[in-house]
Each structure stands twice: as C-alpha cells, then as structure tokens.
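You will see subunit A twice below: alongside subunit B first, and alongside subunit C after that.
Let's turn to the complex of A and B:
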C-alpha cells in the first residue's frame, strides 16, 4: 500500500514533517556523515581522504583513548550507584506525607533545569581549594583542606558527586512515580503480616521498583558515557588526564586537532560500548511488575 | 481464636464535621462469623481497618482476646486480612505470597514450605505454587489471599469485601467454600460486604451499619423479620420492604391503618393494643413483597385492586411492580402466577406480617411477626 494515499495519512505526514526534517538535518545526516568519516581523514578544510580501517587500528593502540575509557568507566561506577541510592532515598522521603512536600519536590528538581555550565561553574567555586565552601566547612571542623579538583585521586569522584547532584531531580521524579505506582494495599497487607519498614522496603518497594531502576540505570549510564561538560569546564580533563572522558577526548580531537575522522571513530566506538553495557544491564534488571 | 469487643469505637477524620464511625459497641464471640453490612460509605470498611490496626481510632477501645489492642500496631494484634483486590504481591509466586507472614516472623524455610504446601492443598491450589499472581484467575487469586490469611492461624480473620471482584457464579462458589473453611477452622471472623445476599447466607450474626452508626445486630432471619428501623427494613431484603405512611384510626372499636390512598388495613389485636397505648397516630407501615399475596388466597387483609406496571420473571419467582389504591409497591409471587405487565389484579397484605415503625422510623416493639 502506498503511504499517503488516504487524506488522513497525508495529513499525518504533514504534521510530522517538521520533526522529520529536523531529524534528517540534525540527527540522520550527521550520523551518516560521521559513519562516512570513520573511514576517512578530514581536517574540515581539505577534502576527506579515504584511509580504510586506519582510524580503528590507531584507536586500538591509542593509550590515551583507553585512559579516557577507564576514566569514563570510573565515573560510571561512582555516578550510577550514587544516583540510584540518593534519588531513591529522596523519592521515598518525598512520597511520605511530609510538610511542604510540593515545595521540596520542586526544590529537588531545580538543578535539572539550571544550565549545566552554570552548575559546573558554581560547583567549581564550591570545590575551590583555597576559597571553596567545602574546604571552609572542613576548616571550621579543624580539618585540613582537600584538593577536590586538583588531586588525581579525588577529581573524578568530585565530578561524579556534582553530576549526581545536578541530575538527581530527574531521577527522583522517575523513582517517585515508581513508588507512587505501588498500590498502598500491598503495604497494608505486609503490615498485617508483621513486616517492619525495612522489610517493606526490602520485600515490596525494592522488587517493585526494578522496572524504574532499569530505566534509571540505563539513562544514568548513557549520561555517564556522554560525560563532557563537567570535566571540560572544571578540569579540562586534568589533572594528568584523570578526568579526561571519552567524549572530551573526542571533542579535543575533533575541534582542537581537527581529526574529524578519528573523532568520529571514537564516537562510534563509544556508542557501541554503551549499547553493549545497556544490553547487559537490561538482561539482569529487566522484570515486569503486574499490579 | 478469640472474642473481639468494640467499645464506643469512633473514627473522625480531620476536616470532617461528622464522624465516619460513631460510638460503635459490638461484641463478636469466639468462633463467630459476623458480617458487617451496609451501603457504600457507611463506615464498615473503616471499622474493619480499625480492628486490623491499619487506621487509628479517635475514640473508644478495641479488645481482642481480652487484651486492649487499641494502640497496638497490626503485627501485634494477631489478625489476618483478606482484601477486596486480594493485595497479592505481584513479584512473588503463590508459594512466597502464602508464606510471606511466616517468612516475616522468622519461621524456618522447611517449616514454611511444609505449611505453605498444606495450606495450598487445603485450598485446592497446590499445583499453582510457582505461578505469579498475574498468571492466575480471580478465583485462584482469592484462594491465594485466603491462604496467606489462614497459614498463620491468627486469632481473628478480617474480610474486606473479598468476593466483590468475582463474577456471580464464582462468588456463589467461593461463598460456600469460605463457609466450609470457617466451619473447619472455627475462627472468629469479621466479614464486610455491601451484598446482602452474602450477608444473609454467611453470617452467624449481621451488624447493619448506616452513616457510621450500628442500626441492628442479630441473626440474619431475626434482622430480616424484625428490622429495628426503616433503614434496616429497606436495606435487608430484595426486593426491599414496602413502606407506607399510615394513620392509626380506631373506628367502631376496630383498629386500622389508613394508608395515603385511603385503603384501610386492619391491625391485628395484640399489636392494636400496644399501638393504642402509645397514643401516636402517625406511623410507617412496612410489608415485605412476599407477604403481599393474591386476594383470592383469602388469608390476608382486604383486597387492593391494582395495575401491574411491570412484571419481572426471576425464574424462581415473580416480582410485580404494582400501582393501586394510591400506593406504589412491589409484590413477590410464585413464578407460575398468571399475570403480565398491564394486567389488573387484586392483591392483599398479610396483616399478621406487618412491620410498624414510629414517626422517627424506629420499630414499634413487638410489632413484627405478631
């Protein structure tokens, strides 16, 4: 059957055409062009030169790429659990009948709508070794200052904490929806059976939040893989490349060294890796809950 | 098993002027099957939840097995509850659902498995132990919910409209099974329903609630035959009792009720004496549809000529909606009575079955069944 033969179909196509145009120009075309560049060397100015699989073989032996990948993996390992634990705890608190619940729900969502660059600059000030609020608080407690962003051991963890704070509101909303979706009579039944609050959480809330958790894990993992603005603004990838993420590395190759072909290769490798990780996560976390 | 006592129990929600449950006094004997019945929103589920400890009482006290449990949490009351929507844990299989209470109370795995198997066998769901609730039919889910309730051998069973999500046939079947189970376990049971058929057939005693207040508590047939007020009279029984405003008229030494259309109903002698002694003249007279009979049967009061507005055949009976002598009423006749919609027939009230209520709607003592 030919699409668009019926008037309703034609009207439908007309309605979606602006988005299709947007998708074609800003997603499909760049994606296809990037895939084309994977097999080419291109410095933006000169015409692309076909290099076959040379970009891949360079990638395989590129120590800095593997370093960036390791950094990204470390960020993921810190950020995703932090994100899940704190988002869930706050969502559980916000699901309770507490005073000014609506106000707190709005407050926890605020960082999400603030620009990433603004938040990052703000946290840079908080983390500053000499004048930062965190170190001043430590000084009040008589503790020595901590080099939050300039220590090779702490810099990535500091970025992970900041990123967790920035994105938490979004995941709190997801968890809150998941928690509120659990029917109250299940808790009533468990209370009658003698369950404590902890047992309620362990045997009811946690298992029934698995679909939400999968979503949060997948989204925060994808977010972690695309870590860029925080190290770009706060540390520039330092100290000693300890906060150099794959996307930051890709950006540097593309727009600082004009290695567009190699940057595209890094991007595709990262996308492939993210896909594998998400599929593994889905395999272990995917369950269905029937209420 | 245990006796449950409610002493002036009250529930008042903040912001609500009227109490949801008002000064409720009720005693449920050891092993008794008490049904709390009333229309939607009458407070019956609230009463059950207060007994379970799921909501706090705002007045009065609750005793289970002699102990004041008013302020105790649900887990310390030793009750179990079956919910209207089953409240099964969707992520657990049948076995885990049934054994949940035992697991929470630290019962060993082996003992839990044995007791789960025995309970499932008793309820006929032994083959479903590894299924999830989403894979079960309504009736099977109901059995699992029952299994979770009975496995702990609690002192009191609470049922909150447990059959209302089932279809009519399954409801009748489960009703019978619940009764068999109750006879077997001899457990003190409090059962909430708005379905008077369930209430009449299952209860040792019925407690009829309206607007948070107890209207009457007694054996089903006693409540049916001798309703304490007009609410109970119309709530219990299907079709409901016919009620008519009536003036007591004593003429020529005979005592009669004069109905709005002018029809005169003779008052049987013992009742007539009591009514004369009261000095009131305004009453409400009630008669059950099955106590309105064809006039030719001659065992009733004076004939009322009426038109059959609607004849509903129920298979095992005939329900007539009649209009005659200025009265609109329903009569329940035998299924083979030759009548159809639009016919004119003569019916008569079995006056010895009259229920009489005073101006405030309360039954006149000793009137019914006299």
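Let's turn to the complex of A and C:
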C-alpha cells in the first residue's frame, strides 16, 4: 500500500507535515550533522576537515573526559537516590488528607517552573561561605563555616542537593499520580488483616509503584547525564575539576575552543553511555503492576 | 521617463542612501552611551555616510557573538569590541578587511599610537587588520581608607606585599577565622580570570613578555614560576580568601586590594559612592629592574569583510579614533585610548586634573602588553587556569611543575589541534 494515495491519508500527512518539518529541521538535521562532525575537525569559521577516527582515539586517551565521566557518575549516584526518596516521601505526604494540600502541591512544584540559571544563582548565594544562609545557620549552632562549593569533597554533593530540590516537584507529581492510582480497597483489606503502615508501604505501595519508579529512575538518570547549568554557573567545573560534568566539558570544547568535531564525539559517547545505563535500569526495574 | 529614472538613481547614489553603515560597540552601559554620542556627532557631520549603532547582541561572550555573526554573514561593517586574541580566527577565515588597502592607514595609526604598540597588533601574515583603540592597564587597586588607617603604602614588590599582607590579613571579630584579607583573587577555574591574576603578574614580572612566541610557549621561565609561587604563598598564608562570597569582598572592605583597570572607577562610583581607592603598579619580584609593565586589556576596531562600503567604513573608523572621540571615551567611560602622550597633551590636561585617580592608569598605558594573537589562546589560558588552581589555590603541585606542565600542554595543543 502506498502512503498518501487515499484522500484521508493525504489529509493526515498534511496535518502532521508541520511537525515533520520541525522534526527534520530542528532534530534530524542537527543530529545527522553532528554525526558527520564526529569524523571531522571544524572551528565554525573554516570548512570542516576530514580526520577519520582521530576524534575517537583522542577521546580514548583524554584524561579530562574520563574525569568528567566519573564526576557525572558520582552525581548520578548521589542525585537519583536522593530524588527518588524525597520525591516519594513528599508525594506520600501530599496524598494524605492534610490541611492546605493544594497549596503544598503548588509550592513543591514551584522550583520546577523557575529558570535553572535563576535557581542556581540563588543557591550560590545560599552556599556562600561568608554570608550564605547555610553557614549562618551553622554559626547559630556554634559550628564553623563549611566551604560548600570550594571544597573538593563537598562541591559535587552540594550541587546534587540543589539539583534534587530544583527537580523534585516534577517527580512528586509522577509519584503522586502513581499513589493515587493504587486502588483504596487494597489498603482497606490490609488494615482488616491488621497490617501496619510500614507493611502497607512495603507490600502494597512500593510494588505497585514500580512502573512509576522506572519512569522516575530513567528520567532522573537522563537528567543527571545532562548536568550542565549547575556546575557552569556555580563552580565552573572546579575545584580541581571535581564538578566538571561531561556536558560542561563538551560545551567547553564546542563553544570556548571551537572544537565542534570533538565536542560532537563527546556528545555521541555520552548518548551511547546513557542508552546503555537506561537499558540496564529497564532490564531490572521493568515489571508490570498487578492490582 | 528613462531620464527621470536615471536622475532618481543618480540622486539616490549621490545622497549615499545605499551607504548606511552598521556599527556594533560593546554592550556595557557606558560604552553604549559613548557610541550613541559619537554616532550622533558623526551623523551630524557626515550625513552622506549615515551610521546605525547597535550594541553587540547579547550572548555568552562578545567573541562567541561575533563568531556567529561572521559565520552567518550578519557581521556589522564596523565593530569596536575586538579582543586582539580573537584576530587569528577572524584572519584565517578572511572575515576582516586588511588596513593596508587604505593609503593613509600608516599616517593615521602611527600618528595616534606609539609604533611599538601598533606593531604588537600586526598579524602573523604581516598585515594589520585591527585599529588599536583603547587599552586599559590592569593595576593594583587599594582601599585607601584601610591603607591610610594602618599607615601602609601600596606594595611595589613581592617582599613589600608580604609585609603589608601580614598587617592587613586579620580576624577582626576574634572568632578564630580570618575575615579580612590582603587581596581579592578569584579561585574560579575560568580562563579569562587568569588574565587578571596570573597573566597580569607575569607580564609585570617578565618585563612585558607575553605567553607565546612563534606558536611555542615562552613562559617556562623563572618569572612565571615566581608569579605562581607568589599566589601559592598568598593562598597558603590566607592573604587571599579561599571561599565563595555573595558580594564583592573588595568593595565590602573585606579585602584591602584588588586587581582591576580604570573601567572599575565607574563601577565603584555606582555601587559605593564615596569609596576611597587608589591605583598602583602591579607588584614585581624582589630585585626586579626596569620599568613595570602590565597586561593592557585592549579592545580594537575592525572593518568586517562583508561590508559593501569599506572606504566609508574607514572614514568612520578614523572619526572613532580622533582626538575628540578619545576625549569622549575618557569622559564617558574612564577608559584609556591608545594615544601617544595622553597625560602630557594639553587637550586632555583638564580631564586628568578633574580625575586625578585616573592619572596613574593613563601613565601606565605606555607600558602594557596585550594578549597573544592565537586561535588557541582560550584553550591555553584554560590549561593555565587548571594549573593555577592546582598549584596556587589548592597547593597540590609545586610552582615549577605547574609551569612546566602548562608549557608542555601548549605544545600539545598546537600539535594536536
């Protein structure tokens, strides 16, 4: 059967054509061009020069890239569990019949709609060693100030906490939807059987939230792989490259050094890694919920 | 009918309607005001070559915006915010009009600017592409109130600096932690920050040398090592704050010194009216002989190749570097034109009488070094910045090793990229 032969198909194609055009111009073409650049050296102003697999061999021996990858993995390991635990806890609290529930739901979602750069600048001020709110609170308790963003041991953790706060609202909504979808009679039956709140959570809520959990894990993992604005604004990748993420490293090569070919190679390597990690997560978490 | 059409065409050409020039100045408030004033004057004087001013479009940096404009062929006819280091890439892509094509270019450039300074901007292919416009000497700025109250004079050498720093650095509230430092130094690993600490001090310590020579590192020497050691000692002894701050520690009186250029004066006036400060030459290693040089944060003027009116653009550029325009540059922005005898010329005398704080930066303009013109300069400074962070800020590696590693990295950058 040839597509577009029948009037209805032609009309359908006509309706989706704006989106297809958008997809071709803003997604497919840049993607194909980036793939073309992987085999080239290009500084934007001069014509691209074919270099074969040189960008890949440089990537394999690039200590900074591996360092950035390790940092990204550390961020992932800190951020994803924090995101899941806090989002789920808050969603569970918001699912209860508490006072001003609508207000709290809106408040927790608020950071999601604020620009990432604005939130980052705000937290930079909160983290300031001398006048920052966190250190002022520590001073009230008689504790010495902490170098939140300039200590090699703490900088990435500080960024992970901030990123968790910023994105939590979105995942709270997902968990809340998942929790509200669990049939109430399951809890009623377990109460009749004399189950505790913990047993409710352990044997009903948690298993039935697995599909939501998979979605949250995949989305927050992909978000963690694209870590950029926080280290870019707050630390510039320092101290001593401890917050240099792969995307920040890619940005430096692309827009500071004009190494477009190498930056594309870094980008494809990261996309490939993210795909592998997500497939592994899917393999272990993907089970259907049976009510 | 054809006669009428021809007459209209001649009239239009005669009025120069097709010759409107586009001009991009920097987008900071003072420079926009300067550009507006100059363009208004020019349009009054030369209605045959109208100029339309538009501040550099917003972007991460002027350099990125200009590169994008060149690639998309939307660059203006004239731009006055060109960092000399960027020229390599522009020249390679033939994006700039060489000045050699204008008969009077030597008379104009050498008549206004010291020949040695002009030659610093000659590109690797032997041609001149940029018109030296302004160069802001980066100097030591000190809080005059703190210095006067302690009976201190601005330090000239590293030895004097250490002595002053011991007095200036203190725990003023007695909580066991330093809360006033000798000097503000950025600990962020950002390539351009190193222009205002390592590079400025290196130019001073080396007697005006820059980082590169014939595409090779020229800084693997004792001067660079002494600069790295100076900063390392400063951080180790807590003369410089090793912490993030929410404000400007210099303007807040928490750091007694800073490194800045004359552009900072307008900023001080805006943020802290009445703030008392002074400029002083950059401290040099003990035993240094000869004049003290510094980094001159230069911004030059170019004519982009996509102009359809190079001759008219050149006329406008000559106006931008005229004596009257230089006077406006001083008055409106407090920035220093690259003009010979700036402080001795009677035309500018009353300006310096009214603004005595700017006399020292004006005198220093004769002894400045810009950055090298290299397509790899950002990457080289980025690499130096990593070494600075590792050696000076966190004391992880010795100064000799950090300088050797940075020089080796330069070689690698040239060989590989």
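The rule we apply is simple: the second predicted complex is superposed on the first by the 291 of 291 C-alpha atoms of A that agree within 3 Å, B and C clash if a C-alpha of one lies under 4 Å from a C-alpha of the other, contacts with A are read in each partner's own complex, and residues count from 1 in each chain.
Following the convention adopted for this analysis, a residue touches a chain if its C-beta (ideal position, glycine included) is under 8 Å from a C-beta of that chain, and two chains touch if they have at least 3 such contacts.
Note that the structure is predicted; figures quoted are calculated from it, not measured.
Superposition of the two structures on subunit A leaves subunit B and subunit C fitting side by side, clash-free.
Once the two complexes are overlaid on the shared chain, A:46 sits against subunit C while remaining clear of subunit B. Touch criterion met: A:203 reaches subunit B, while subunit C stays clear of it.
Contacts of A:183 after superposition on the shared chain: subunit B is touched, whereas subunit C is not. When the two complexes are overlaid on their common chain A, residue A:121 makes contact with neither subunit B nor subunit C. In the superposed model, more residues of subunit A are touched by C than by the other of subunit B and subunit C. Shared-chain residue A:276: touches no atom of subunit B or subunit C. In the superposed pair of complexes, A:239 makes contact with subunit C only, with no contact to subunit B. In the superposition on chain A, contact of A:192 is made with subunit B only, not with subunit C. Minimum Cα separation between subunit B and subunit C in the superposed model: 51 Å.
Shared interface residues of subunit A (contacting subunit B in one complex, subunit C in the other): none.
Across the interface of their complex, subunit A is touched by residues 60, 64, 67-68, 70-71, 89-90, 92-93, 95, 177, 179, 187-191, 241-247, 249, 254, 375-376, 378-379, 382, 386, 389-390, 393-394, 396, 416-417 of subunit C. Here subunit B touches subunit A in the complex through residues 52-54, 73-75, 79-81, 83, 85, 87-91, 100-101, 104-105, 132-134, 148, 152, going by the rule given at the top.
Partner subunit B is touched in their complex by these residues of subunit A: 183, 185-186, 188-195, 199, 203-204, 207-208, 210, 287, 289-291. Note for the complex: subunit A touches subunit C at residues 41, 43-46, 58, 124-125, 127-132, 144-145, 147-150, 152, 235-241, 252, 255-259.
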